[in-house]
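Per-chain residue numbering starts at 1, and chain names A, B, C and D are given in the order in which the chains are listed.
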Amino acid sequence: MEEKNCCIRTKHRSEKEMKDLTTRLSRIEGQVRGIKNMVEEERYCVDILNQVLAVQAALNSFNKELLANHIHTCVAEDIRTGNEGAIDELCETIKKIMK
Amino acid sequence: MEEKNCCIRTKHRSEKEMKDLTTRLSRIEGQVRGIKNMVEEERYCVDILNQVLAVQAALNSFNKELLANHIHTCVAEDIRTGNEGAIDELCETIKKIMK
Amino acid sequence: MEEKNCCIRTKHRSEKEMKDLTTRLSRIEGQVRGIKNMVEEERYCVDILNQVLAVQAALNSFNKELLANHIHTCVAEDIRTGNEGAIDELCETIKKIMK
Amino acid sequence: MEEKNCCIRTKHRSEKEMKDLTTRLSRIEGQVRGIKNMVEEERYCVDILNQVLAVQAALNSFNKELLANHIHTCVAEDIRTGNEGAIDELCETIKKIMK
(Lines give C-alpha, C1' and ligand atoms only; values in the text may rest on other atoms or scores of the structure.)
Protein backbone atom coordinates (compact mmCIF):
# COMPACT_ATOMS: atom_id res chain seq x y z
CA MET A 1 0.00 0.00 0.00
CA GLU A 2 1.12 3.52 -0.76
CA GLU A 3 -0.34 6.80 0.42
CA LYS A 4 -1.21 8.93 -2.63
CA ASN A 5 -2.00 11.85 -0.37
CA CYS A 6 -3.11 12.49 3.20
CA CYS A 7 -6.01 10.10 3.25
CA ILE A 8 -6.42 7.99 0.11
CA ARG A 9 -4.66 4.65 0.23
CA THR A 10 -3.74 3.04 -3.06
CA LYS A 11 -2.47 -0.26 -4.41
CA HIS A 12 -0.92 -0.87 -7.77
CA ARG A 13 -2.36 -3.88 -9.60
CA SER A 14 -1.19 -5.53 -12.84
CA GLU A 15 -3.09 -4.50 -15.97
CA LYS A 16 -4.51 -7.99 -16.24
CA GLU A 17 -5.79 -7.97 -12.66
CA MET A 18 -7.36 -4.53 -13.00
CA LYS A 19 -9.00 -5.54 -16.27
CA ASP A 20 -10.40 -8.68 -14.63
CA LEU A 21 -11.82 -6.72 -11.68
CA THR A 22 -13.43 -3.96 -13.77
CA THR A 23 -14.88 -6.50 -16.21
CA ARG A 24 -16.57 -8.32 -13.35
CA LEU A 25 -17.92 -5.05 -11.97
CA SER A 26 -19.27 -3.95 -15.37
CA ARG A 27 -21.11 -7.24 -15.64
CA ILE A 28 -22.53 -6.82 -12.12
CA GLU A 29 -23.59 -3.26 -12.94
CA GLY A 30 -25.43 -4.61 -15.98
CA GLN A 31 -27.12 -7.26 -13.86
CA VAL A 32 -28.38 -4.61 -11.42
CA ARG A 33 -29.71 -2.56 -14.33
CA GLY A 34 -31.45 -5.68 -15.59
CA ILE A 35 -33.14 -6.15 -12.21
CA LYS A 36 -34.37 -2.55 -12.35
CA ASN A 37 -35.92 -3.34 -15.75
CA MET A 38 -37.57 -6.42 -14.27
CA VAL A 39 -39.19 -4.26 -11.57
CA GLU A 40 -40.39 -1.78 -14.19
CA GLU A 41 -41.83 -4.64 -16.26
CA GLU A 42 -43.77 -5.80 -13.17
CA ARG A 43 -41.94 -9.12 -13.09
CA TYR A 44 -42.81 -11.70 -10.45
CA CYS A 45 -41.17 -11.34 -7.01
CA VAL A 46 -39.44 -14.73 -6.94
CA ASP A 47 -37.88 -14.16 -10.36
CA ILE A 48 -36.50 -10.79 -9.21
CA LEU A 49 -35.28 -12.31 -5.95
CA ASN A 50 -33.36 -15.00 -7.81
CA GLN A 51 -31.58 -12.37 -9.90
CA VAL A 52 -30.62 -10.45 -6.76
CA LEU A 53 -29.21 -13.67 -5.28
CA ALA A 54 -27.13 -14.09 -8.46
CA VAL A 55 -25.69 -10.57 -8.06
CA GLN A 56 -24.89 -11.22 -4.42
CA ALA A 57 -23.08 -14.41 -5.39
CA ALA A 58 -21.09 -12.49 -8.04
CA LEU A 59 -20.12 -9.81 -5.49
CA ASN A 60 -19.15 -12.48 -2.99
CA SER A 61 -16.96 -14.15 -5.57
CA PHE A 62 -15.41 -10.76 -6.40
CA ASN A 63 -14.63 -10.17 -2.73
CA LYS A 64 -13.09 -13.63 -2.29
CA GLU A 65 -10.76 -12.93 -5.21
CA LEU A 66 -9.85 -9.43 -3.99
CA LEU A 67 -9.26 -10.61 -0.42
CA ALA A 68 -7.08 -13.54 -1.50
CA ASN A 69 -4.96 -11.18 -3.64
CA HIS A 70 -4.80 -8.72 -0.75
CA ILE A 71 -3.51 -11.37 1.65
CA HIS A 72 -0.96 -12.74 -0.83
CA THR A 73 0.42 -9.28 -1.57
CA CYS A 74 -0.29 -6.42 0.87
CA VAL A 75 -0.66 -8.45 4.07
CA ALA A 76 2.25 -10.79 3.43
CA GLU A 77 4.49 -7.83 2.52
CA ASP A 78 3.42 -5.84 5.60
CA ILE A 79 4.08 -8.76 7.93
CA ARG A 80 7.53 -9.31 6.39
CA THR A 81 8.40 -5.65 6.90
CA GLY A 82 7.11 -5.69 10.46
CA ASN A 83 3.93 -3.64 9.94
CA GLU A 84 1.65 -5.31 12.49
CA GLY A 85 -1.22 -2.94 11.71
CA ALA A 86 -1.91 -4.95 8.56
CA ILE A 87 -2.83 -8.02 10.63
CA ASP A 88 -5.23 -6.08 12.82
CA GLU A 89 -6.91 -4.55 9.79
CA LEU A 90 -7.20 -7.96 8.11
CA CYS A 91 -8.87 -9.40 11.23
CA GLU A 92 -11.28 -6.46 11.34
CA THR A 93 -12.15 -6.97 7.68
CA ILE A 94 -12.74 -10.70 8.12
CA LYS A 95 -14.94 -10.04 11.16
CA LYS A 96 -17.06 -7.63 9.07
CA ILE A 97 -17.39 -10.27 6.35
CA MET A 98 -18.44 -12.89 8.93
CA LYS A 99 -20.94 -10.37 10.44
CA MET B 1 -49.22 -13.51 -9.90
CA GLU B 2 -50.51 -13.33 -13.44
CA GLU B 3 -49.10 -14.94 -16.55
CA LYS B 4 -48.42 -12.26 -19.17
CA ASN B 5 -47.65 -14.90 -21.73
CA CYS B 6 -46.44 -18.49 -21.86
CA CYS B 7 -43.43 -18.03 -19.64
CA ILE B 8 -43.11 -14.59 -18.05
CA ARG B 9 -44.77 -14.27 -14.67
CA THR B 10 -45.77 -10.78 -13.54
CA LYS B 11 -46.97 -9.01 -10.42
CA HIS B 12 -48.66 -5.65 -10.26
CA ARG B 13 -47.17 -3.33 -7.60
CA SER B 14 -48.39 0.07 -6.39
CA GLU B 15 -46.69 3.08 -7.96
CA LYS B 16 -45.15 3.90 -4.59
CA GLU B 17 -43.74 0.40 -4.14
CA MET B 18 -42.32 0.26 -7.65
CA LYS B 19 -40.76 3.71 -7.20
CA ASP B 20 -39.19 2.61 -3.91
CA LEU B 21 -37.71 -0.55 -5.47
CA THR B 22 -36.29 1.17 -8.56
CA THR B 23 -34.83 4.00 -6.48
CA ARG B 24 -32.97 1.50 -4.32
CA LEU B 25 -31.68 -0.31 -7.41
CA SER B 26 -30.50 2.94 -9.05
CA ARG B 27 -28.56 3.75 -5.90
CA ILE B 28 -27.02 0.26 -5.88
CA GLU B 29 -26.13 0.57 -9.57
CA GLY B 30 -24.35 3.84 -8.75
CA GLN B 31 -22.50 2.18 -5.88
CA VAL B 32 -21.23 -0.58 -8.19
CA ARG B 33 -20.08 2.06 -10.71
CA GLY B 34 -18.31 3.82 -7.84
CA ILE B 35 -16.47 0.61 -6.96
CA LYS B 36 -15.36 0.25 -10.58
CA ASN B 37 -13.93 3.77 -10.37
CA MET B 38 -12.11 2.84 -7.18
CA VAL B 39 -10.45 -0.09 -8.95
CA GLU B 40 -9.44 2.18 -11.86
CA GLU B 41 -7.99 4.70 -9.39
CA GLU B 42 -5.89 1.88 -7.84
CA ARG B 43 -7.59 2.22 -4.48
CA TYR B 44 -6.53 0.02 -1.57
CA CYS B 45 -8.06 -3.50 -1.37
CA VAL B 46 -9.67 -3.10 2.05
CA ASP B 47 -11.40 0.14 1.04
CA ILE B 48 -12.84 -1.55 -2.06
CA LEU B 49 -13.87 -4.59 -0.02
CA ASN B 50 -15.78 -2.42 2.42
CA GLN B 51 -17.74 -0.80 -0.41
CA VAL B 52 -18.63 -4.22 -1.82
CA LEU B 53 -19.87 -5.26 1.64
CA ALA B 54 -22.06 -2.13 1.67
CA VAL B 55 -23.60 -3.08 -1.69
CA GLN B 56 -24.22 -6.62 -0.49
CA ALA B 57 -25.97 -5.24 2.60
CA ALA B 58 -28.13 -2.98 0.40
CA LEU B 59 -29.09 -5.92 -1.83
CA ASN B 60 -29.87 -8.04 1.21
CA SER B 61 -32.09 -5.31 2.58
CA PHE B 62 -33.78 -5.04 -0.85
CA ASN B 63 -34.45 -8.79 -0.86
CA LYS B 64 -35.86 -8.75 2.68
CA GLU B 65 -38.32 -6.06 1.66
CA LEU B 66 -39.29 -7.80 -1.57
CA LEU B 67 -39.71 -11.18 0.12
CA ALA B 68 -41.83 -9.75 2.94
CA ASN B 69 -44.11 -8.06 0.39
CA HIS B 70 -44.24 -11.28 -1.61
CA ILE B 71 -45.35 -13.31 1.40
CA HIS B 72 -47.93 -10.74 2.49
CA THR B 73 -49.47 -10.55 -1.00
CA CYS B 74 -48.75 -13.38 -3.49
CA VAL B 75 -48.18 -16.23 -1.03
CA ALA B 76 -51.06 -15.32 1.31
CA GLU B 77 -53.41 -14.96 -1.66
CA ASP B 78 -52.29 -18.24 -3.22
CA ILE B 79 -52.76 -20.13 0.03
CA ARG B 80 -56.24 -18.66 0.47
CA THR B 81 -57.21 -19.75 -3.03
CA GLY B 82 -55.79 -23.21 -2.52
CA ASN B 83 -52.71 -22.89 -4.73
CA GLU B 84 -50.30 -25.10 -2.80
CA GLY B 85 -47.54 -24.60 -5.36
CA ALA B 86 -46.90 -21.14 -3.87
CA ILE B 87 -45.80 -22.70 -0.57
CA ASP B 88 -43.39 -25.07 -2.24
CA GLU B 89 -41.89 -22.25 -4.27
CA LEU B 90 -41.54 -20.08 -1.15
CA CYS B 91 -39.70 -22.87 0.66
CA GLU B 92 -37.40 -23.38 -2.31
CA THR B 93 -36.64 -19.64 -2.40
CA ILE B 94 -35.91 -19.50 1.32
CA LYS B 95 -33.63 -22.53 1.03
CA LYS B 96 -31.69 -20.75 -1.73
CA ILE B 97 -31.36 -17.66 0.46
CA MET B 98 -30.12 -19.79 3.39
CA LYS B 99 -27.67 -21.57 1.02
CA MET C 1 -49.88 -23.88 17.13
CA GLU C 2 -51.57 -24.41 20.51
CA GLU C 3 -51.00 -22.56 23.75
CA LYS C 4 -50.09 -25.09 26.45
CA ASN C 5 -50.29 -22.36 29.07
CA CYS C 6 -49.97 -18.60 29.31
CA CYS C 7 -46.70 -18.28 27.49
CA ILE C 8 -45.38 -21.55 26.03
CA ARG C 9 -46.43 -22.18 22.46
CA THR C 10 -46.40 -25.77 21.24
CA LYS C 11 -46.73 -27.73 18.02
CA HIS C 12 -47.52 -31.40 17.68
CA ARG C 13 -45.19 -33.24 15.30
CA SER C 14 -45.40 -36.82 14.00
CA GLU C 15 -43.26 -39.38 15.83
CA LYS C 16 -41.13 -39.77 12.72
CA GLU C 17 -40.53 -36.03 12.42
CA MET C 18 -39.66 -35.61 16.08
CA LYS C 19 -37.30 -38.60 15.90
CA ASP C 20 -35.59 -37.09 12.86
CA LEU C 21 -35.13 -33.70 14.54
CA THR C 22 -33.80 -35.08 17.84
CA THR C 23 -31.44 -37.45 16.01
CA ARG C 24 -29.93 -34.55 14.09
CA LEU C 25 -29.55 -32.53 17.29
CA SER C 26 -27.89 -35.43 19.13
CA ARG C 27 -25.39 -35.71 16.32
CA ILE C 28 -24.73 -31.96 16.42
CA GLU C 29 -24.29 -32.10 20.21
CA GLY C 30 -21.71 -34.84 19.69
CA GLN C 31 -19.92 -32.75 17.08
CA VAL C 32 -19.68 -29.80 19.49
CA ARG C 33 -18.29 -32.13 22.19
CA GLY C 34 -15.78 -33.36 19.63
CA ILE C 35 -14.64 -29.80 18.96
CA LYS C 36 -14.16 -29.24 22.70
CA ASN C 37 -11.92 -32.33 22.74
CA MET C 38 -9.95 -30.93 19.80
CA VAL C 39 -9.30 -27.72 21.76
CA GLU C 40 -8.20 -29.73 24.81
CA GLU C 41 -5.86 -31.79 22.62
CA GLU C 42 -4.31 -28.53 21.33
CA ARG C 43 -5.39 -29.20 17.76
CA TYR C 44 -4.49 -26.78 15.00
CA CYS C 45 -6.76 -23.72 14.51
CA VAL C 46 -7.73 -24.44 10.91
CA ASP C 47 -8.77 -28.00 11.73
CA ILE C 48 -10.98 -26.76 14.58
CA LEU C 49 -12.41 -24.01 12.36
CA ASN C 50 -13.40 -26.55 9.71
CA GLN C 51 -15.27 -28.62 12.29
CA VAL C 52 -17.15 -25.53 13.49
CA LEU C 53 -18.12 -24.77 9.88
CA ALA C 54 -19.47 -28.33 9.59
CA VAL C 55 -21.63 -27.83 12.69
CA GLN C 56 -22.93 -24.52 11.34
CA ALA C 57 -23.84 -26.23 8.08
CA ALA C 58 -25.68 -28.95 10.00
CA LEU C 59 -27.61 -26.36 12.03
CA ASN C 60 -28.45 -24.45 8.88
CA SER C 61 -29.76 -27.60 7.26
CA PHE C 62 -31.78 -28.32 10.43
CA ASN C 63 -33.31 -24.84 10.28
CA LYS C 64 -34.16 -25.13 6.59
CA GLU C 65 -36.04 -28.36 7.31
CA LEU C 66 -37.83 -26.95 10.35
CA LEU C 67 -38.80 -23.74 8.56
CA ALA C 68 -40.12 -25.59 5.48
CA ASN C 69 -42.25 -27.81 7.72
CA HIS C 70 -43.41 -24.75 9.64
CA ILE C 71 -44.55 -22.98 6.46
CA HIS C 72 -46.28 -26.09 5.07
CA THR C 73 -48.18 -26.68 8.32
CA CYS C 74 -48.51 -23.81 10.84
CA VAL C 75 -48.30 -20.87 8.43
CA ALA C 76 -50.53 -22.38 5.73
CA GLU C 77 -53.12 -23.36 8.36
CA ASP C 78 -53.03 -19.91 9.99
CA ILE C 79 -53.48 -18.13 6.67
CA ARG C 80 -56.42 -20.38 5.77
CA THR C 81 -58.11 -19.62 9.11
CA GLY C 82 -57.48 -15.90 8.73
CA ASN C 83 -54.73 -15.54 11.35
CA GLU C 84 -52.66 -12.79 9.73
CA GLY C 85 -50.24 -12.66 12.67
CA ALA C 86 -48.62 -15.84 11.34
CA ILE C 87 -47.46 -14.03 8.19
CA ASP C 88 -45.93 -11.16 10.14
CA GLU C 89 -44.10 -13.58 12.41
CA LEU C 90 -42.83 -15.56 9.41
CA CYS C 91 -41.47 -12.37 7.81
CA GLU C 92 -39.78 -11.40 11.08
CA THR C 93 -38.19 -14.85 11.31
CA ILE C 94 -36.94 -14.76 7.73
CA LYS C 95 -35.49 -11.28 8.28
CA LYS C 96 -33.59 -12.59 11.32
CA ILE C 97 -32.25 -15.48 9.25
CA MET C 98 -31.15 -13.08 6.48
CA LYS C 99 -29.52 -10.80 9.12
CA MET D 1 1.95 -25.15 14.34
CA GLU D 2 3.76 -28.31 15.31
CA GLU D 3 3.31 -31.82 13.98
CA LYS D 4 2.57 -34.17 16.90
CA ASN D 5 2.81 -37.15 14.57
CA CYS D 6 2.40 -37.97 10.90
CA CYS D 7 -0.96 -36.36 10.44
CA ILE D 8 -2.28 -34.46 13.48
CA ARG D 9 -1.35 -30.78 13.54
CA THR D 10 -1.30 -29.07 16.90
CA LYS D 11 -1.04 -25.60 18.35
CA HIS D 12 -0.15 -24.67 21.88
CA ARG D 13 -2.52 -22.13 23.45
CA SER D 14 -2.24 -20.29 26.74
CA GLU D 15 -4.23 -21.80 29.63
CA LYS D 16 -6.47 -18.73 29.63
CA GLU D 17 -7.20 -19.01 25.93
CA MET D 18 -7.93 -22.74 26.10
CA LYS D 19 -10.20 -22.18 29.10
CA ASP D 20 -12.06 -19.45 27.24
CA LEU D 21 -12.57 -21.63 24.15
CA THR D 22 -13.72 -24.73 26.05
CA THR D 23 -16.08 -22.65 28.22
CA ARG D 24 -17.75 -21.24 25.12
CA LEU D 25 -18.08 -24.72 23.61
CA SER D 26 -19.57 -26.15 26.81
CA ARG D 27 -22.16 -23.42 26.77
CA ILE D 28 -22.95 -24.10 23.10
CA GLU D 29 -23.22 -27.83 23.83
CA GLY D 30 -25.74 -26.99 26.57
CA GLN D 31 -27.70 -24.79 24.18
CA VAL D 32 -27.94 -27.64 21.63
CA ARG D 33 -29.15 -29.99 24.38
CA GLY D 34 -31.72 -27.36 25.33
CA ILE D 35 -32.99 -27.27 21.74
CA LYS D 36 -33.35 -31.07 21.78
CA ASN D 37 -35.48 -30.72 24.91
CA MET D 38 -37.61 -28.09 23.17
CA VAL D 39 -38.29 -30.52 20.32
CA GLU D 40 -39.21 -33.27 22.80
CA GLU D 41 -41.56 -30.87 24.61
CA GLU D 42 -43.28 -30.13 21.25
CA ARG D 43 -42.29 -26.48 21.36
CA TYR D 44 -43.38 -24.13 18.59
CA CYS D 45 -41.23 -24.06 15.39
CA VAL D 46 -40.36 -20.35 15.53
CA ASP D 47 -39.18 -20.59 19.13
CA ILE D 48 -36.91 -23.52 18.24
CA LEU D 49 -35.64 -21.69 15.15
CA ASN D 50 -34.68 -18.66 17.20
CA GLN D 51 -32.64 -20.84 19.56
CA VAL D 52 -30.83 -22.42 16.63
CA LEU D 53 -30.03 -18.94 15.30
CA ALA D 54 -28.57 -18.08 18.72
CA VAL D 55 -26.30 -21.16 18.60
CA GLN D 56 -25.17 -20.28 15.08
CA ALA D 57 -24.33 -16.76 16.23
CA ALA D 58 -22.32 -18.19 19.15
CA LEU D 59 -20.41 -20.52 16.82
CA ASN D 60 -19.76 -17.66 14.42
CA SER D 61 -18.41 -15.56 17.25
CA PHE D 62 -16.24 -18.51 18.36
CA ASN D 63 -14.84 -18.84 14.84
CA LYS D 64 -14.11 -15.10 14.56
CA GLU D 65 -12.11 -15.29 17.77
CA LEU D 66 -10.25 -18.42 16.76
CA LEU D 67 -9.45 -17.10 13.29
CA ALA D 68 -8.19 -13.75 14.61
CA ASN D 69 -5.90 -15.57 17.05
CA HIS D 70 -4.77 -17.87 14.27
CA ILE D 71 -3.81 -14.96 12.02
CA HIS D 72 -2.04 -13.07 14.81
CA THR D 73 0.02 -16.11 15.82
CA CYS D 74 0.34 -19.02 13.34
CA VAL D 75 -0.04 -17.10 10.08
CA ALA D 76 2.12 -14.13 11.08
CA GLU D 77 4.83 -16.50 12.35
CA ASP D 78 4.69 -18.63 9.19
CA ILE D 79 4.96 -15.61 6.92
CA ARG D 80 7.93 -14.29 8.91
CA THR D 81 9.70 -17.65 8.60
CA GLY D 82 8.96 -17.84 4.89
CA ASN D 83 6.31 -20.58 4.98
CA GLU D 84 4.09 -19.45 2.11
CA GLY D 85 1.79 -22.45 2.52
CA ALA D 86 0.21 -20.69 5.51
CA ILE D 87 -1.13 -17.91 3.28
CA ASP D 88 -2.68 -20.30 0.81
CA GLU D 89 -4.35 -22.24 3.61
CA LEU D 90 -5.66 -19.02 5.17
CA CYS D 91 -7.18 -17.98 1.83
CA GLU D 92 -8.78 -21.40 1.42
CA THR D 93 -10.24 -21.18 4.92
CA ILE D 94 -11.64 -17.69 4.34
CA LYS D 95 -13.18 -18.80 1.05
CA LYS D 96 -14.91 -21.68 2.86
CA ILE D 97 -16.25 -19.23 5.47
CA MET D 98 -17.51 -16.91 2.72
CA LYS D 99 -19.11 -19.93 0.95
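One rule holds in what follows: a residue touches a chain if its C-beta (ideal position, glycine included) is under 8 Å from a C-beta of that chain, and two chains touch if they have at least 3 such contacts.
Since we're looking at a predicted model, the values are computed, not measured.
Which listed pair repeats A-B comes down to matching contact pairs by residue number; over half match for C-D among A-D, B-C or C-D.
Rounded to whole angstrom units, the spacing between the C-alpha centres of chain A and chain C is 32. In terms of their C-alpha centroids, the spacing between chain B and chain C amounts to 25 Å. Centroid to centroid, with C-alpha atoms defining each point, chain C and chain D lie 20 Å apart.
The set of chain B residues touching two or more other chains comprises 60, 63, 67, 97, 99. Shown here, the protein chains touch around one cycle, each chain meeting exactly two partners.
Listed in rising order, the residues of chain C touching chain D in the complex are 1, 8-13, 18, 21-22, 25-26, 28-29, 32-33, 35-36, 39-50, 52-53, 55-56, 59-60, 62-63, 66-67, 69-70, 74, 89, 93, 96-97. Chain A makes touch with chain D in their complex at residues 60, 63-64, 67-68, 71-72, 75-76, 79-80, 84, 87, 90-91, 94-95, 97-99.
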